[in-house]
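Questions regarding the structure given below will be posed in turn.
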Amino acid sequence: MIQDTVTEDLLLRQPKFIAYLFATVLVCFLIFDPSQSIIGHLLEPALGEPDKSGLYGRFVTSFMLAVLMVLNLLAISLIPNFRLQVISVWIELLILFLSFFYSFDLSFEFIRSKIWFMVTQGIFTTLYVSAISIVIASFIAIIGAVAKMSSNGFAYAIASFYTSFFRGLPLLMQVYLIYLGFPQIGYVIDAVPAGIIALSLCYGAYMTEIFRAGIMSIDAGQWEGSRALGFKFSLIMRKIILPQSIPLIIPPTGNQFIAMLKDSSLVSVIGVWELMFLARTLGNKTFNHMEMLITAAMLYWMMTMVLELIQSRIERKYQKRQSR
Amino acid sequence: MIQDTVTEDLLLRQPKFIAYLFATVLVCFLIFDPSQSIIGHLLEPALGEPDKSGLYGRFVTSFMLAVLMVLNLLAISLIPNFRLQVISVWIELLILFLSFFYSFDLSFEFIRSKIWFMVTQGIFTTLYVSAISIVIASFIAIIGAVAKMSSNGFAYAIASFYTSFFRGLPLLMQVYLIYLGFPQIGYVIDAVPAGIIALSLCYGAYMTEIFRAGIMSIDAGQWEGSRALGFKFSLIMRKIILPQSIPLIIPPTGNQFIAMLKDSSLVSVIGVWELMFLARTLGNKTFNHMEMLITAAMLYWMMTMVLELIQSRIERKYQKRQSR
Amino acid sequence: NTAYAGGVLDKIMSTKTIKIATDANWPPQSFINDQNEMDGFDVDVAREIAKRMGAEVEFITPNWDVITAGNWYGRWDMHVGSMTPTKQRAEILSFPAVYYYTPAAVAVHASSGIAQLSGLNGKKVGTGTGTTFELYLQHDLIIDAEGAPAFDFQIDNAEIRSYETSVIALDDLRLGDGVRLDGVVSSLPTILEAIENGYPLKVVGSPIFYEPLAVTVDLGDSELNEKVASIVASMRADGVLSTISKKWYGVDYATVK
Amino acid sequence: MSKTNQKVKQPIISIKEMNKYYGDFHALTNIDLEVNIGERIVICGPSGSGKSTLIRCLNRLEAHQSGSVNVNGVELHQHMKDIDKVRSEVGMVFQHFNLFPHMTVLENCTAGPMWVNKVPPVEAHEIAMRYLERVNIPEQADKYPAQLSGGQQQRVAIARSLCMNPKVMLFDEPTSALDPEMVAEVLDTMTDLAQSGMTMIVVTHEMGFAKQVADRVIFMDEGKIVEANEPIAFFENPQSQRTKKFLSQVLVH
Amino acid sequence: MSKTNQKVKQPIISIKEMNKYYGDFHALTNIDLEVNIGERIVICGPSGSGKSTLIRCLNRLEAHQSGSVNVNGVELHQHMKDIDKVRSEVGMVFQHFNLFPHMTVLENCTAGPMWVNKVPPVEAHEIAMRYLERVNIPEQADKYPAQLSGGQQQRVAIARSLCMNPKVMLFDEPTSALDPEMVAEVLDTMTDLAQSGMTMIVVTHEMGFAKQVADRVIFMDEGKIVEANEPIAFFENPQSQRTKKFLSQVLVH
């Protein structure tokens, strides 16, 4: 998207818009009745029991919230620096979410007692299963992509059957089929290898399409240029095409890796103690589900953000190299 | 990938390659010992009890299998038409997989008695939950994409927080948070709406990136051409940019829809009777899990293939229009 | 197709280790404790069985689906996880010994006016999917194990809500009377545990049925079956089962009242 | 700057002391230029000299950082209200045509009048056909741009601009993406337009066109206007060394 | 066909009765052409006439359907064994350079010798520097293609081909993607190469270059060779109507 060179006046500088905004927010709050929710409870000292303060309480709470919200927006809009503005909105949203979590009456004591185990056992397992799987999946994907673009009937048929089948089946089913099915033809495999095989095959199928798109996006001129020099197919692929398609392959692969972090939780059905399994299990005895679920959610989110950071670093490195 | 104009001699026309192939296959079979597996049992009449036929049985089975396999490959390679070749490999692979399933000793009686219910109840629920969610997700994605590309600090911050958060959290966690969390702030929602909200929010986040890529891929010249005529932003977006980015958005969106078909199974944790839930439930009483899992897998696969077909139709329609 | 069956006992004896499958999500029968180790009633029973076989125990926690699919191929040797022996299950697995009986009960919200089981007729009742509780609500439950007391179906035409586990059903019931559910059928110990942890629930009436729960092994190793049967019998005879039950439930569930 | 050859002494575009930066890069330096109604101006200069940047500042596809740009009496700046109106009065033809590929030729031409000027469909259709006839391709009205040759596409782009009834037309190397045989047909169309009295600013390397049509030729280098003169004087008696060198290289081939 | 101006009567390329189809479209019809060692040929013709297709058939970037194409004594066909060898002996320079953007200029030039001819790195480096000097850009060796101007990139492309020590060089509109000022430097390099006796087949619209360098000029239209002659005869006395029309349009601008 190309930004225009003429920017419209900021809406939050127009008194009419602010009035509208305030009215809308107020009506929303009145309809959704915050006095019953956690915010109402926070205002309890001022208004008394929310259940009893009735319409008056409802209106006062809503009014105060609406004023607060509009003032807050105005304050943020005064920040001149784009980055700072973004960061402050992020922080506010984060606080909002955390207070949403807080409304669950969480036992932080409990979280503290479990978090170390979740990190060492859960995150470790999740990460190593995912990392091994994504590497295998990438190899499968390269072969699959070349096969799908080939004019050889066998290669095309096998690759297309593979991608159709493994994209078509739910991952859980694949885990079961490999774990329960392989013994039927005589080979018993353990839970972790079975999980890794299932994840690799499934993601290999999705990533075949990514690699195919990456390879296809390279200008035909690169093939012609290389062929005209007398390069052979595998040389062209390794030295010319794949290196150039890496910048195009990395973003969707990063996405896949992030998705896999979460999908790897499916291997818990065959008894692997990864993060999600622990989240659903550890809190059971003392009925602290929510604590564990939210902790795991935060851990996943953190992992995702770290991965996104790494991804953007790699992307930038490649972009720099190619367009100096 | 650009095909070269010089094709190498088909490997299967070279006697040396065939000999190598045969030897490799034979060794593989010898190592993995098919006489213990289902194939061994099929050959039982000829060789007697697999357990007892020993090394001799193992060798004979392997040899016969290797001969069969190489002959089969040769037969297929003689088919002159690419399509027919592909179709026959597909059929063979399909038979192979079905016989793999067959080795589970399935009760087809049981499958027959349940399949109608799985289709009417399970597929119906799966499809309608997914379809509603993908539509909502697309709307979210358009707004998210525009916000993420905007120079407005608020819009950018909210959109980036949204995508980071909802891509970062496992979908299961989102389902739980919405289903169990919303009541905490005073609003009780049903399982199906909760599932749809969770799926829409999560996929909306992933699809924001898809739409962003689609919009960005449109040549800057289209923006300049439209601006030079005096079009306003929303007009450019609706009439010029989005219609042109549809062909680029459809393939990844199709992928997402296929993935969603399977992810929608997560709403089963809160008691929605979709396909996966039925698969895991119907067989429980009589311990016919495998029957139900495989049936569900086949149904998912069929749905996927139908969707892929529809997708390629739509893609072709758009491609045709734009490049006549 | 049962490559290891028959040799399971030999294998346990020669390696001096036994792999026991159980659930990690089923307190107080089996769960992960504060030390992040397996703990609970089933786990203690499993440990005792292993001790009496002279083997080290190693726990494995696959999904219920995977366990009940049968054909374990020696991935684990035994399952001690409160499985109800039914005739159909006996075609796939074998149940050498019943080691306790749990009462199944009905919970309602603390503020509920329902005082009798019949009060739930036609109401929304939640439970875990594929459980005997669900079968009970469907009037499909048959308990054919020896020593199990007879029972009646006391709730008619309930609108059954099946969850992945009945614990999520309890979470829903907790939201308020009739908000999502009017009642939940689960095992009495689980319900009591929830109440103890502050869930605003109460138990209605007396237990609706007693469910015999057995040690499970793969088909085909009769020596192992005999060995397990004799160990469980001796544990019952010398009162160890009762002691473990009292430790976890405060009551003796090892024998039917 | 010399303003020798004005037909009507009424400026429609007036640029004063204008400077433009891309980040740190000083793309245009102290540009002063007045264009009168009906005047035809050709801008030439080496690659990267700022020719495109200059004419893109005239309908604010690019923002300038200092000085003033005044188009048809409206001052262009970041917070102006009616940029869309100014743009609809300034037609622009790009090197790569920038037609809308998902719309037919006719739809390309009616979009502007209908969506911006709120002309009713029937009338917009008439306008579009009138200008498609003027550029000699009325028979292509129902085709898609991709079905036309480059020269035809560029003529559609010209017609699309004309449909908005612009006061000025800007051309940015309109023939440099065309095959040699198609250059002629587009130049003919442009010559035609010039003879009808349209105010035009044309960036081009087609020196034949400049000699034939221009009232003034402007030579740019490194973001500055180096020389501006009537075509005959410009080609036969270039003042600066840089201009001489450039002309020698361009005219040889 | 006339073969008047051969320097050594030894054909290195010989095409006989060659036909080429894209699906149903007959792109080249009954092409007959012999090129002798040391000969310089310029091919011109309107867009879509099959010029690119013809020279791309010479190193089998395109497959022909009937007739024969013989390059350096090797017959080109679908099941041939050593197409890579033929290609490494035929250098090709493309309109859009087709340099490898992820490799430096030097790496672009050493890749061919090292990977195809198995030349040791040190020697490949020497070869590369020799030809980079020949095209006058040894100082750019460590830059990436994107850091160079169009003219410099095209000269790197020429050097890259020369590093393979080719017997023939094919050029497909090597200057038509360049800015006017950069055309000269590439044409100079090519003229230089021609004077050193390299066998060259050049598709171009630069008629000045054709007049100065070519031994024969070939005019194509609609997939056929319409006219082939020495340059002076070709330009001053074109035989066919089509040629006359084409020349009038190309030479005017």
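In order of appearance the chains are A, B, C, D and E, and numbering begins at 1 in each one.
By our rule, a contact is a pair of C-beta atoms (placed from the backbone, for glycine too) under 8 Å apart; a residue touches a chain by one contact, two chains touch by 3 or more.
A quick note: this is a predicted structure, and the numbers were derived from the prediction, not measured.
Trainee: Please identify each chain that touches subunit A as well as subunit E.
Mentor: In this structure, the chains that contact subunit E and also subunit A are B, D.
Trainee: Which one of the chains is farthest from subunit B, going by Cα centres?
Mentor: When every chain centre is compared against subunit B, the largest gap points to D.
Trainee: Write down the pair of chains with the top C-beta contact pair count.
Mentor: Looking across every pairing, the one with the most contacts is A-B.
Trainee: Give the label of the chain whose average Cα location is farthest from that of subunit E.
Mentor: C
Trainee: Using Cα averages as centroids, what's the distance between subunit B and subunit E in whole Å?
Mentor: A distance of 47 Å separates the two centres.
Trainee: Centroid of subunit B to centroid of subunit D, CA atoms only: how many Å?
Mentor: Each chain's C-alpha centroid was found; their separation is 51 Å.
Trainee: Taking each chain's centre as the mean of its CA atoms, how far is subunit C from subunit D in angstrom?
Mentor: Subunit C and subunit D have C-alpha centres separated by 83 Å.
Trainee: On subunit C, where are the residues touching two or more other chains?
Mentor: Residues 65, 69, 171 of subunit C touch two or more partner chains.
Trainee: Which residues does subunit B have that touch at least 2 chains other than itself?
Mentor: Each of 4, 7, 180, 224, 227, 290 in subunit B touches at least two other chains.
Trainee: Where in subunit E do residues touch at least two different other chains?
Mentor: Touching at least two other chains: 61.
Trainee: Dump the list of chain pairs that touch, please.
Mentor: Here the touching pairs of chains are A-B, A-C, A-D, A-E, B-C, B-D, B-E, D-E.
Trainee: Looking at the complex, which residues from subunit C come into contact with subunit B?
Mentor: 65, 68-70, 88-89, 91-92, 126, 129-130, 135, 140, 161-164, 168, 171, 175, 179-180
Trainee: Please give the residue numbers of subunit D that touch subunit B in the complex, ascending.
Mentor: Touch residues, subunit D against subunit B: 59, 61, 84-88, 90-92, 94, 96, 98-102, 111-112, 115-116, 144, 146-147, 160-161, 164.
Trainee: Looking at the complex, which residues from subunit D come into contact with subunit E?
Mentor: 46-47, 149, 179-184, 187, 205-206, 208, 246, 249-250, 252-253
Trainee: Which bits of subunit E are touching subunit B when the two form their complex?
Mentor: 60-63, 78-80, 83
Trainee: Using the touch definition up top, name the residues of subunit B that touch subunit D in the complex.
Mentor: 219, 221-222, 224-232, 235, 239-240, 243-244, 321-324
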